[in-house]
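These are the structures in question, set out in turn.
Shared chain: chain A. Partners: chain B in the first complex, chain C in the second.
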Partner chain A sequence: MVEVIEESIGKDGRKVIKVAKEYLIAIMKDLKSQGYDHLSLITGIDRKDKLEVVYHLHNMKEDKYLVIKTETLDERVPSLTSLYSSANWDEREQYDLMGIVFEGHPNLKRLFLPESWVGHPLRKNYDLSKVQYINMDENGDDYATFDPGDGW
Partner chain B sequence: MKTGETGILTTTLEKALEWGRSNSLWPLTFGLACCAIEMMAIQASDLDISRFGSEIFRNSPRQSDLMIVSGTVTKKMAPRVRRLYDEMPYPKYVIAQGVCVIQGGPYNQGYSVVLGVDKVIPVDVYVPGCPPTPEALTYGLILLQKKIRHETDR
Partner chain C sequence: MLKEDSESANGNKWVELNMGPQHPSMHGVLRLRVKLDGEIVKECEPIIGYLHRNAEKLCELDYYCDATVYFDRMDYVGAMNMEVGYLEAAEKLLDIPPPERAQWIRLIMAELNRIAAHLVWTGAFGLDLGMLTPFFYCFAEREKIQRIFVDISGSRQQLNYMSIGGVYQDINDKIIYDIEQFIDQFPKKLEDINKTFIKNDIFISRNKGMGILEPEVALDYGVTGPMLRASGIDYDIRKKEPYLMYDKVNFDVPVSYKKDNLARYLVRIEEMRQSIKILKQAIKKIPDGPYFNPKAKKPLMIRLRGDGDVYARTESSKGEFGVYLVGDGGVKPYRVRVRSPTFKNLSVAPVLVKDQMIADLIAILGTFDLVFGEIDR
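For the complex of A and B:
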């Protein structure tokens, strides 16, 4: 049985359900069988002491929306790629910019930034004073450096 | 330039070349963000930069003389902009369109945007605005033509 921490109605009239991350997969499986067949987006929120992950679900047939929230203290959240294929890139984006590690993701690499980029730029503790530059090597692959170097 | 009485035009070779170059600036088909929409407008019938010799937007950097950097240059895009610029033959000119290209604009405090495309490639004319009107960009093109012809503006 899924334990719901909090249930409320958001500003836009959508139902918001908050669950612990241990029950995330169970509640998503349940909702998918109820007709919520489209995971439209995944958002990450940095609350400084914890990270919050928000999932927006859409019921295509009845045109209903639902928001699922969960939070994590150790940057780790179970991956939903086994349920929704669209979670694949959404989770990679959240890993790239927020540093949330999705456990069980088949290909958890950065989506936008090169692999050598240091830090996750949308986190509150990201140091903006250290400017990073992106250069291209001979094969056309990107790499990030702190040194402006050739071409900059 | 001096016009002779017999109808002969005398000029220096440099002047003739500059005149030719300034009136055949073919831009590169190259847009990065919302400024590109304004850049497309200068080619359309209302302003039509063909009147100033910028006949067509060439699809290959090897056939174009002018790069209009239209829109936010992200750090990821910067090496590509550099490569396109390197592939253009000399003489080549660059117009920086919009505040994003000049100094980062609204993304100045961000992590992902190049603070001025002049950190990557040399720029001849800066056209400020967010986005600049097509009229402003046309004026920038005319300024560049005057710069090529070594005419003083105003």
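For the complex of A and C:
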């Protein structure tokens, strides 16, 4: 039983379905069996009081497009890597830049930024004036500092 | 950078090898962490982010009309296609349709740039396999397209030619003459370039049957563009969800069912022929009229406000280029999300190169058409 919060047509003419994040895996499984074999894009949007995650699904054979939206208050969303392999890098990217934790992801590391980077740049409260410096310690691991120090 | 690894399978020691980010045969700044059993690749992990600038955040900090600058720098060999992709989304969100003449000009420029991008790929793919000669043929042809771009926009790569509501500058008779000249002489040159590849036994034997990409795997990993069409799935957004004026021109979508490196090469060559076919029709169909929507004139441009969310997809030379634009009613976009085709295409690399020779890894990755401005954004 999947509970749909809202169903509408977006400005670009695509069907949008809003679901609670508890039902996300169930509805995605259902859609995949209906022929939506291509997970095109995962987007995280910072709505200040909550995070919104948007999934663009595509049915290649019948050429149908579907947008699934879900919201989270605690930065946590179930991972879709068990259903779509393309979710792997997309979820890592959204974790890296937006700070959404995808529960059940096998390798949830930062994709673009160094592992020790402080903060998630696409958040609206991210301080752009602060400059970060990435250094390397004896073991080859990186760490971030906020003052230039030696070597910079 | 060799490192002996303790992991061993059937008594052999695996060696860990770091390729890149500054490796002559890596396109851009790709780094691969490869585990080798002798010469056989057992594991491969692409590590990206060396060219990361966070263009999505930069777009949020500027007005809607300024973002084309950042899109030029994504796929820098196919900048016109990137601009088309962004403007498709922005114009839908801001509700400023470009006039018909501007759409035809955009179509012509996008197709010219598709040929230029495929020529860069063809030349670089030859270099990957040790063929130096076709590289010069390809770049000589690309130079003719670059000259046209210099004439219309004033720059060679970061063009910034299109803007919200139309194009920056109208095309004149000289440019139409130049394009016609290019269309006339290019098909013969393309056959010459093609001959240097397919009449080469070494090229054929290194690519035939190599790097098989099954269609189910391709869909699972989100692969699009020529790579998907070379795996036997007939999908081209220009046909299925026509944007600009692609529904008014007649062209075919090349598909191959062989799924290997050679298929990806042949699909791209045929795509160039089809682009010429499109250009031949388009150059005759340009109507008279304005090339710019007056609603988006220069001083008014920064006051454009957008609300709601729009996802627009276009077919760039690499695959499905999508822009998801969210507005909150202000003069700046609230969120810009880019679906870059090569980002998804690269994620399938570990599957393709597993249990192949290390020399073939270069050939297989060569067929991906990687451009790092777009992957790292």
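We adopt the following convention: the second predicted complex is superposed on the first by the 133 of 152 C-alpha atoms of A that agree within 3 Å, B and C clash if a C-alpha of one lies under 4 Å from a C-alpha of the other, contacts with A are read in each partner's own complex, and residues count from 1 in each chain.
The criterion applied here is as follows: a residue touches a chain if its C-beta (ideal position, glycine included) is under 8 Å from a C-beta of that chain, and two chains touch if they have at least 3 such contacts.
Computed from a prediction, not measured in an experiment: that's the story for all the values here.
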Query raised in the report: Comparing chain C with chain B, which touches more residues belonging to chain A?
Result: C
Query raised in the report: Of the two partner chains, chain B (first) and chain C (second), which one does A:L80 touch, if any: first, second, both, or neither?
Result: neither
Query raised in the report: Which partner does A:P121 reach: the first (chain B), the second (chain C), both, or neither?
Result: both
Query raised in the report: Now for A:D37: first (chain B), second (chain C), both, or neither, which partner does it touch?
Result: second
Query raised in the report: Touching A:G10 in the superposition: chain B (first), chain C (second), both, neither?
Result: second
Report task. Once the structures are superposed on A, label A:M136 by its partner contacts, choosing first (chain B), second (chain C), both or neither. Result -> first
Requested in this report: Name the contact category of A:V67: first (chain B only), second (chain C only), both, or neither.
Outcome: second
Query raised in the report: For chain A, which residues belong to both interfaces, chain B and chain C?
Result: 112-113, 121
Query raised in the report: Where on chain B does chain A make contact in their complex?
Result: 75-76, 78-80, 82-83, 109, 111-112, 119-120
Report summary line: The chain A residues in contact with chain B across the complex are 112-114, 121, 126, 128, 132-136, 142, 148, 151-152
Query raised in the report: What part of chain C is in contact with chain A in the complex they form?
Result: 48-49, 52, 54, 56-57, 92-93, 219-222, 233, 235, 240-241, 308-312, 320, 322, 324, 326, 334-335, 337, 339, 343-344, 347, 376
Query - Touching residues (chain side chain A, partner chain C) in the complex - result: 10-12, 14, 37-41, 43, 45-46, 54, 56, 60, 63, 67, 84-86, 88-89, 97, 111-113, 121-122
